[in-house]
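Quick one: the structure is below, and I'll ask about it shortly.
A, B, C, D, E and F label the chains in the order they appear, each numbered from 1.
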Amino acid sequence: MDGLFALAAANILSPMVLCFALGFGAALARSDLSVPEAAAKALSLYLLFAIGFKGGVSVAQSGVGVDLVAALLAGTVLSAAIPILAFAILRAISRLSVVDAAAVAAHYGSISVVTFVAGTSALDGAGIAYEGYMVAVAAAMEAPAILSALWLIGKKGGTAEREDGLLREILLNGSIVLLVGAFAIGWATGRDGMARIDAFIVAPIQGGLCLFLLDMGLVAGRGFLSARGDLKAPVIVFGLVMPLIGGILGLVAGLLIGLSAGGLALLVTLSASASYIAVPAAMRVALPEANPSIYLTLSLGVTFPFNLTVGIPVYIAAATLVAGS
Amino acid sequence: MDGLFALAAANILSPMVLCFALGFGAALARSDLSVPEAAAKALSLYLLFAIGFKGGVSVAQSGVGVDLVAALLAGTVLSAAIPILAFAILRAISRLSVVDAAAVAAHYGSISVVTFVAGTSALDGAGIAYEGYMVAVAAAMEAPAILSALWLIGKKGGTAEREDGLLREILLNGSIVLLVGAFAIGWATGRDGMARIDAFIVAPIQGGLCLFLLDMGLVAGRGFLSARGDLKAPVIVFGLVMPLIGGILGLVAGLLIGLSAGGLALLVTLSASASYIAVPAAMRVALPEANPSIYLTLSLGVTFPFNLTVGIPVYIAAATLVAGS
Amino acid sequence: MDGLFALAAANILSPMVLCFALGFGAALARSDLSVPEAAAKALSLYLLFAIGFKGGVSVAQSGVGVDLVAALLAGTVLSAAIPILAFAILRAISRLSVVDAAAVAAHYGSISVVTFVAGTSALDGAGIAYEGYMVAVAAAMEAPAILSALWLIGKKGGTAEREDGLLREILLNGSIVLLVGAFAIGWATGRDGMARIDAFIVAPIQGGLCLFLLDMGLVAGRGFLSARGDLKAPVIVFGLVMPLIGGILGLVAGLLIGLSAGGLALLVTLSASASYIAVPAAMRVALPEANPSIYLTLSLGVTFPFNLTVGIPVYIAAATLVAGS
Amino acid sequence: MQTHVAKRVEIIIEAVMERRLTAALTDAGVTGFTVLPVLGGGGRSGVWSREGQVTRAGGMVAVIAIVAPERVDPLVEAAFAVVERHIGVISITDCEVLRANRF
Amino acid sequence: MQTHVAKRVEIIIEAVMERRLTAALTDAGVTGFTVLPVLGGGGRSGVWSREGQVTRAGGMVAVIAIVAPERVDPLVEAAFAVVERHIGVISITDCEVLRANRF
Amino acid sequence: MQTHVAKRVEIIIEAVMERRLTAALTDAGVTGFTVLPVLGGGGRSGVWSREGQVTRAGGMVAVIAIVAPERVDPLVEAAFAVVERHIGVISITDCEVLRANRF
């Protein structure tokens, strides 16, 4: 328990979390501080590339076997299953329409790469090792949730756009392609590749993460201001409880496939996190009637800060406890 | 005297100053070299964050007391007082209208963060220590000058826009918020925080400053080309002399509050520098009748290069002399 | 031969080449992965600055004499001569019009800075030294090819735009100015200048190159998709053979002026490379009737990947063989 | 100079729908269009801005197509089919152009 | 398709005044507007460009509002009150729209 | 409010020609113009986009000039002289403006 508090304090007082808080506060205070769209996108490409490459290199060094396949499978199943549970909960506790509930549910099955990066950074800080291939699991968890939600809509008699381009768009969205591609390049080039570019992707990544979180705080804060009215209390409660529920599912799945304590913490983090890049874009195409200010604000303004501050230390504590380190 | 020349030569032959000169020259030669707006803004956010954070960490390590409060007070008073002097001088020596003179005056009371960064970088190069909290003084000096200038306008029977939003806009402008916020985060996270992000904000900062100065040279050069006609000789003289006058006020104030030689040099630099980000934007809102090509060109095309090349070594020499190191 | 294969394998399996392939593949698969225009331009400014500065510093350390002048002269002659040969070949083997052939020819006389950077990075990897002033030769080779192509057009009875602004625009285009300027700054500030900014321009450059090549792969792949129809087989063959012909000319010229093995490899690489930034823009102004999808796709989608993967190792092997190291 | 009447159609639409819209325009025989970036806006669904955004959701673009008057109906129908379920605005303005054979 | 007459108002205004303008438009009952970025321009006060700029002074945006004809007067008056002392241009064009009830 | 008739000329032109166009406009007595960025487009020469591009070739800008009706002919002629051999589209629309003396 003591360890958990120390971990939580270290986490909350990290420059990263404080940068998010700074952005959030600046937005609420209506400061004109802002990060240019192109800079925010460039930072996000940088983070995806760096984290993917690092994961690939670590796999090249440690080797993988059937455990990678099991983890990918577990991730895929979690991503597909969580939306169904999330949908049922939302319909039970809130008054969201079928379409809105399905759209929100898709976000919670899918994952947030920045939450994942923050998780690895907390593990690095605490000196806990984790499987390098978890970044591939993150990529595998991006898309299934979307298909799950669209299937839900179909079952409930709604109509989602279902055209040729949509599936390819979902599976080949930029963040999946870059994460998987960088992972593959890191795997292929291994230690030698890392030696050439580590000055770019290893040491500076935490600083880059700070600026990216500052931007996310600004965007989340502004979204929060303008969408306050759309978020009723039950939906906010969902945004705080669903990460824990998803996390527990991730914990169970991770135990079944025998992940290490660090890997377990990351699978819990992925399951607990909610998408804010790929899924919102897919929802605008497939479910235009769903209200974006609900799902975007909930994911970015409620669940993301919750995971960043409280969630990650709890997930790490739970994983180390359960994995019986 | 010898030391001054060596310092000046080292300063002028630094990559930073030469990058500014390259940009300025390229603009005068009408090259199409240009830095994208988003990249320039991203670099400026990076510099604000890095310099603010570094200042905060240094305060966390050395501790502060009443000296910080005294320095903040001195900065605020300087920022509020300098415009009144600048206005009087401008009205006496040039034919600028009340509105134009007040707008220019506001720029000289406020500060330029890049000039400040260049000052710290020269001090680092010369191995002279300075108070980490000087970056907070920089932030404190941004806004008072604007209010001072608006008060002047009111006194002279002019009308500045005076609506609710304006004051908040001035006090919460992005560069103040980021500088103060990064300072606070550096202070709160201290040495541990620095250890996590120093690879991002310490070693690469001088290189980032080079590219930013290249951009400033381009913008200053282009502004100079298109605004030549608006800048009469007395106004240009003002742009070269006012930094020295402001600097002397800063020197006196800094001696009164007992700053170290390095801190003194920075307070002189701040007093001598003229704003080119926050104040121009505030002037467009509050004093739309003032001619921006006068105040922008004077600040960015005359005073900034003067301080960068000649001013900073002089301010450092004066401060070390006077502080009797 | 063995050494060549090892070099080629090391080159093709480098993170840089794989990043280009990732971008190319993502574009062909119609992923929405993309780098913002401002970020791509910022990366290109960064690479130009870093490579120019490094070259200047190395000249400051080793000193130069008549060999620099000879190399500049050789580069200028190569840049002016190659388009004439390229034009003759294109007219002989393809059905391109005079205007299209001249526009393509201009690209092959001029150079690609990224190919040059990739060449230096391969040499660094293989531990082969090269003359620092080769970056100045690169700058000298940018423009003559354009003038050569316009002269060709005139001789063939075509009309290129010939107005005052054009020549200045060609000679003062942003990439030449930045490359030469950074070279001069590096030369002027030497080891001291490098000590201040090496953390920004030396260690991270290969990582930055990776992201830039990812972007180039995306742009090349998208260009390839949309311009397939415009590229007939003989033109594609030209895009693969011309680098070798240009490379041989570069080899002969480099031997004549007595370059080291590394310098020779770079002159061959420059001669073999085709422009994709400065020349296309000049062609749009001067030869608007030339079809950009031919010259852009050929340079970026055919010759650039050829040089990056196969060309550079071959050029290095040839140069080391010939220079009898 | 000799000018010809034409129609300027401006479609402000979600960025995620851009590719579908331009494909539909091309299918409807539109010979040219230009896409402008959009910074932000406001409407029944609130105020928005692109600042600092990384998701493509919640961004818009403005597509401008200038067409001969007789082609405006199929264009607008094609555009409306894409915009219908989505956020977006279509406006049509009379204009004059040079080189009528291009539109 | 069935179209309805409307007005397209385009306001080119300093970026620092954007928030004030859109607030005034909303107060005047405008139901929607879109903000486009501006790269540069020229006028009586000289030529300018956003390239490499970090200050918000000296940049402009273009705000487009499409409104029913009867709403154009309050809109233009509200816009003019903001633009009056500032650099800026307001133009009004006749256009046609679909779904008239939205404007 | 009191409005005056004017013409809104919109010229979509290659970015490399921007400086030449605006110089020609100024020579033709145009008192003001505004340049908007363009993201991409499509035409007879295919579809294009600025994403990730570093060369200025293959990018376009939109130049808007609002002028008094009597000035539109010299403007269009000056613009056409620049656009003629290049990719580009010129359209002219009737509009109304405030403060007629400015155009």
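Please note the rule applied: a residue touches a chain if its C-beta (ideal position, glycine included) is under 8 Å from a C-beta of that chain, and two chains touch if they have at least 3 such contacts.
Everything numeric in this text was worked out from a predicted model, so none of it was measured.
Undergrad: Can you give the shortest number of steps from chain A to chain F, where adjacent chains in the path must touch?
TA: 2
Undergrad: Can you check whether chain D and chain E touch via the same residue numbers (shared by over half) or via different ones?
TA: Shared-number fraction below one half, so different.
Undergrad: By mean C-alpha position, what chain is farthest away from chain A?
TA: F
Undergrad: Could you work out which chain's C-alpha centre is the most distant one from the centre of chain B?
TA: D
Undergrad: Chain A and chain B are the same sequence; what rotation (0 to 180°, nearest 5) superposes their CA atoms?
TA: Superposing chain A on chain B takes a rotation of 120 degrees, nearest 5.
Undergrad: Give, as an integer number of Å, the spacing between the C-alpha centres of chain D and chain C.
TA: Between these chains, centre-to-centre, one finds 38 Å.
Undergrad: Rounded to a whole Å, what is the gap between the Cα centroids of chain C and chain E?
TA: So the centroids are 45 Å from each other.
Undergrad: On a C-alpha centroid basis, what's the spacing between chain C and chain F, in Å?
TA: Result: the chain centres lie 34 Å from each other.
Undergrad: Any chance you could list the residues of chain F touching two or more other chains?
TA: 36-37, 47, 49, 56, 93-94
Undergrad: Could you pull out the residues of chain C that touch at least 2 other chains?
TA: Residues 32, 34-39, 41-42, 204.
Undergrad: Using the contact rule from the top, write out all pairs of chains that touch.
TA: So the chains that touch one another pair up as A-B, A-C, A-D, B-C, B-E, C-F, D-E, D-F, E-F.
Undergrad: Would you mind writing out the residues of chain B in touch with chain A in their complex?
TA: Chain B residues touching chain A: 36-39, 41-42, 45-46, 49, 53, 168-169, 172-174, 177-178, 181-182, 184-186, 188-189, 193, 196-197, 199-201, 204.
Undergrad: Which positions of chain F touch chain C when the two form their complex?
TA: Residues 14, 16-17, 19-20, 45-58, 85-87 of chain F touch chain C in their complex.
Undergrad: For a test of understanding, state which residues of chain D touch chain F in their complex under the given definition.
TA: Touching chain F from chain D are residues 1, 3, 6, 8, 22, 26, 31-37, 61, 64, 66, 93-98, 102.
Undergrad: Would you tell me which residues of chain F are touching chain D in their complex?
TA: 10, 12, 36-44, 47, 49, 60, 62, 73, 76-77, 80, 89-94
Undergrad: Inside the complex, what are the residues of chain C that reach chain F?
TA: Checking each residue of chain C against chain F gives 34-37, 40-41, 44, 161, 165, 215-216, 218-219, 222, 226-227, 276-278, 280-281, 283-285, 288-289, 291-293, 296.
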